[in-house]
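What follows is a group of structures, each given as structure tokens.
Both of the next two complexes hold subunit A, though its partner changes from subunit B to subunit C.
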Partner chain A sequence: MRILHQYLSEFGQAFLLLVRSLRHLPSLPRQMGRVIEQCYLIGYTTFPIVAILSFFIGSVLALQTGYSLQTFGAVDFIGTIVGLSMARELGPVMAAILLAGRVGSAISAELASMKVYQEVDALITMNIPPERMLVLPRLIAVLLMMPVLAIVAIIIGWLGGAVVASQVSFIGLDPRIYFDGITNFVAFKDVLDGLIKAQIFGFSVILISCHVGLQTRGGPREIGNSVTRAVVLSLIAILFLDYFITQALL
Partner chain B sequence: MKETLNTARVGFFFLMGLVLIYIVAQSLSTGTLFRDRGYELQAQFTNLQQVKEGDDVRVAGVKIGTVRGTALEDGKATAILTINDEVQVPIDSKARVILSGLLGTNQVDIQYGESSEYLSDGDTIETLPTTDLNEIFAKIGDVGDRLDGAFDQVTEALRSITGDEDEPGLFKNLNELVVENRESIRTTTKNLETITDTIARGEGTLGRLLQDDEVYQSIQRITTDLESVATNAKGFSGEIQVLVEDVQGIVRKVEAGEGTLGRLLSDDSIAREIELVAKNLREISDRLNAGEGTLGKLLSDDALYYEATAVLRKAEATLDGLGNQGPITAVGIAASALF
Partner chain C sequence: MPETDTSPAPRRALGISVENLRKSFGSTEVLKGISLEVKPGEIFVMMGPSGSGKSVFLKHLAGLEIPTEGKVRIDDINVADDRERPKVRLALVFQAGALFNSLSVFDNLALYPREHRLYDRKTIKEKVEKALAMLSLSDAAEKIPAELSGGMKKRVAIARALVMEPDLLLYDEPTSELDPIMAATISEIIADLREEFGVTSLVVSHDRDLAMTIGDRVGIMQEGELLAIDTPAGIRQMDDPRIKEFLNPAIDLKNPRFKRSA
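So, the complex of A and B:
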């Protein structure tokens, strides 16, 4: 019960942080430099790991489904299965998990250390709200970058599946049939649903990481704890939201 | 400098994302990356099933275009088909919606016509009624019902054979027949056995016919006799042949108009003479009927008859007179009687 209360309180404070940050939206044009910097960190530097992971997720998916479907002689449907899985579920979720691991942890570590070393207090003293300078640019950056990461994840996942489906001897599926399976059975709405999901996941991950970082109290040891908590809370949020968003979008 | 580079990278990355989203949107909604270059045809169907934008248009399984879109016009489903420029569709071709897979996906299939005129942009192609799977299943259901009915009838027929408690069937009747006549059947079987035994032993007419060599030899003799008869008949037939040849010779002569008979058949002059004779005879008979000439009068005029009768009568009286007065006055009496 206490744990539940604690989690609810965390999410509630994160929501309040969001509200406080959005109040500073008018200051956004003056912070474009920071937004672009965060876009670079969130999007550009995360791209390679997202690409690698998606490629192998797609490949493994094709391999597994191909292995199972060859029993029924239904390998033609690998494209459909990989296409739908990557677009609706795996692309957005994997991109968000990588974002939590790579960017969320970095953000919480940065903000936690700023908090521990009283840089945040210094900002407050200078009448610079930390939400405006530290949180808002990151939230805007993730809103811009997350769809890009998600679509990259989806497409590279498809390509990974195509490579495996055509090259593995016991599947041997022509790439044209593979992509026909995708174009015939995957609608753009499926991809759009995936992008919406990714957007919500990414936004939650950054919000939670900022919140956990700014909540840090105590000495340098707390920085590590904050990073761990930020990543764990982000993963829980991703999986929790995943179910309900999926149901809402169906 | 570094900041500018990062800004450029972010800009490039963001643009790449937008382009990828656009490409995916185009690919998935139309089935191809870019709009197919081609001309558009309209096809009105009663039922489009699950045909949607981006589905294939095929001829004999070869893709020649895509479905550009679907719409409802005047209560009829209309599909707009984009056909590749290099493909020409005859004007009397027919389009229909068919299943392209077992999962319920459809495609538009075009059956080429014979015409040498071709459809062009904006034309409407004729369509064939869509085969609905549900209808097929309904028909299969009907067939099942009929089969049920047929099986019922078969069962009924079988019941009439096997019978039930109330009504004895054919088998039961047969059984009763066998039971009732068991003794006579046994006797018949025994008799048959005796007969076959007798035959096997070569006794009786049939047995000797089958077993005795003499019968065989006598049959052989008969056959030999028949052969000699046949040989004789062959000789006789030779004579008949000679006769037939003679008759043929006669017929040939008659045909050639030789001899009396031949001339009679082939010469027109004889026929003309006969015709003339017949004509003359008819004239004579006509004149006789009309009472012309001596003979005619003789036949038709009664006066002559009466005169002759009077003469005879007078002659009779004269002869009577002669008998009474002697021959000296006979001439005088005859002369007075006659004149």
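So, the complex of A and C:
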């Protein structure tokens, strides 16, 4: 119970940080440089790993469904199943988890270090709200980058599935049939739902990471603890939100 | 072209009023009822052994700590209130510098005027270069803080505070890592800022020379209490053995302090 209460209070405080950050929205046009810098960081650190891992996720998915479906002689449906799973579920979740691991951890480490070494205090005495300079640009950047990241994850996942479905001997599915399965049964709405999910996940990850980083107190050792906490809280948020968003979008 | 304003920002001297300030961290009381008035344009030096609560006291003046009890006002403004604090333009030179580690020395200095859009780009560059030159840092402009020595970081922190053109300057041990010449330069800068702009300064320092030469008044702090406040001359003549010992600790090899019973 205590741990649940603790998590809920963290999420509540993260929400308050969001409210405080949004108050600085009018400063955004002046901060485009920082937004672009953060976009670049998110893209640079996550695209390669998202690409590689979604290829494997798509492949495994095709392998598992192929193995199950061959007994019914229904391998033609692999494309549909991989297509829908990647778009509605695995693409967004994978992208968000990797975002938490690569970007969320880096953000919490950076902000925690700024807090511990009094850089945040220095900003406050300069009347530069940390929410404006440190949080807002990151939140906007993830909103811009997350759809791209999720699209990459989905499409590469589909390709990974196609490779396995056509090359593994006991499946041996013609790639044309595989992609027909995607184009005929995966609607634009399925991809859109996936992108909405990814957007909410990614935003939550960055918000939580900023919150945890700025909450850090004490010495340098706390920086490491903050990173762990940020990643754990992000993963909890992703899986928790996933259920409810899925239900709402069905 | 944006409008150019090269004249120094209009400044108003700020007074400090601290009333029965108490601060506890958990169960330990670090500040035990400090009361103090600093007049606009005054240079006040706070001395005291390390661990006596000087840095915590300064953070209260900058609004970075919330008093457990008592009041801190700068020019009648409650600096502990996030909405009121922006009304005072103060700069705090942190004990450890608190430089922005991801920014170059130049960008550390330029951040404040850029964020608040005080001047155009060229004027900001001039002001930053002038501050760097005052502290013999011109060669370090493009370095990042990790490449600097402790004393250089301190000087960058002071230069950064100067570029802010504050009405109140708070220094946490500004000369502690500096050589005697640089320490003298800092004293001259503090005095000059008052001459030229009427800037109020509160300096926390162990540096007896600094305290006695530039302090209009000196306070002695010990274990969270103010033992005395007086002019440098007055402090020198005090009979309190704790103050005498602090100002002039005789080195006694026959009966060293660490072997004396408390």
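Rule of thumb we're sticking to: the second predicted complex is superposed on the first by the 249 of 250 C-alpha atoms of A that agree within 3 Å, B and C clash if a C-alpha of one lies under 4 Å from a C-alpha of the other, contacts with A are read in each partner's own complex, and residues count from 1 in each chain.
The rule is short, and it goes like this: a residue touches a chain if its C-beta (ideal position, glycine included) is under 8 Å from a C-beta of that chain, and two chains touch if they have at least 3 such contacts.
The model shown is predicted, which means the values in this text are computed figures rather than measured ones.
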Open item on the list: After superposing on the shared chain, does subunit C or subunit B touch more subunit A residues?
Closed with: B
Task: Touched partner set for A:P147, first subunit B, second subunit C, both or neither - done: first
Task: Partner chain in contact with A:A230 - subunit B first, subunit C second, else both or neither - done: neither
Open item on the list: Taking the superposition on A as described, I'd like to know which of subunit B and subunit C A:I97 touches: first, second, both or neither.
Closed with: neither
- [ ] With the two complexes superposed on chain A, say which partner A:L173 touches: subunit B (first), subunit C (second), both, or neither.
- [x] neither
TODO: Classify the contacts of A:L18 with the two partner chains as first (subunit B alone), second (subunit C alone), both, or neither.
DONE: neither
- [ ] State whether A:S113 touches subunit B only (first), subunit C only (second), both chains, or neither.
- [x] second
Open item on the list: Need the overlap of the two footprints on subunit A, from subunit B and from subunit C, as residue ranges.
Closed with: none
Task: Interfacial residue positions of subunit C with respect to subunit A in the complex - done: 59, 62-64, 85-86, 90-92, 94, 96, 98-102, 111-112, 115-116, 164
Open item on the list: Applying the document's contact rule, which stretches of subunit A touch subunit C when the two form their complex?
Closed with: 110, 113-114, 117-119, 121-122, 124-128, 133
TODO: State the interface residues of subunit B toward subunit A in the complex, per the touch definition above.
DONE: 3, 6-7, 9-10, 13-14, 16-18, 20-21, 24-25, 27-29, 31-32, 54-55, 105
Task: Sites on subunit A touched by subunit B in the complex - done: 33, 36-37, 39-40, 43-44, 47, 144-145, 147-149, 151-152, 154-155, 182-188, 190-191, 195
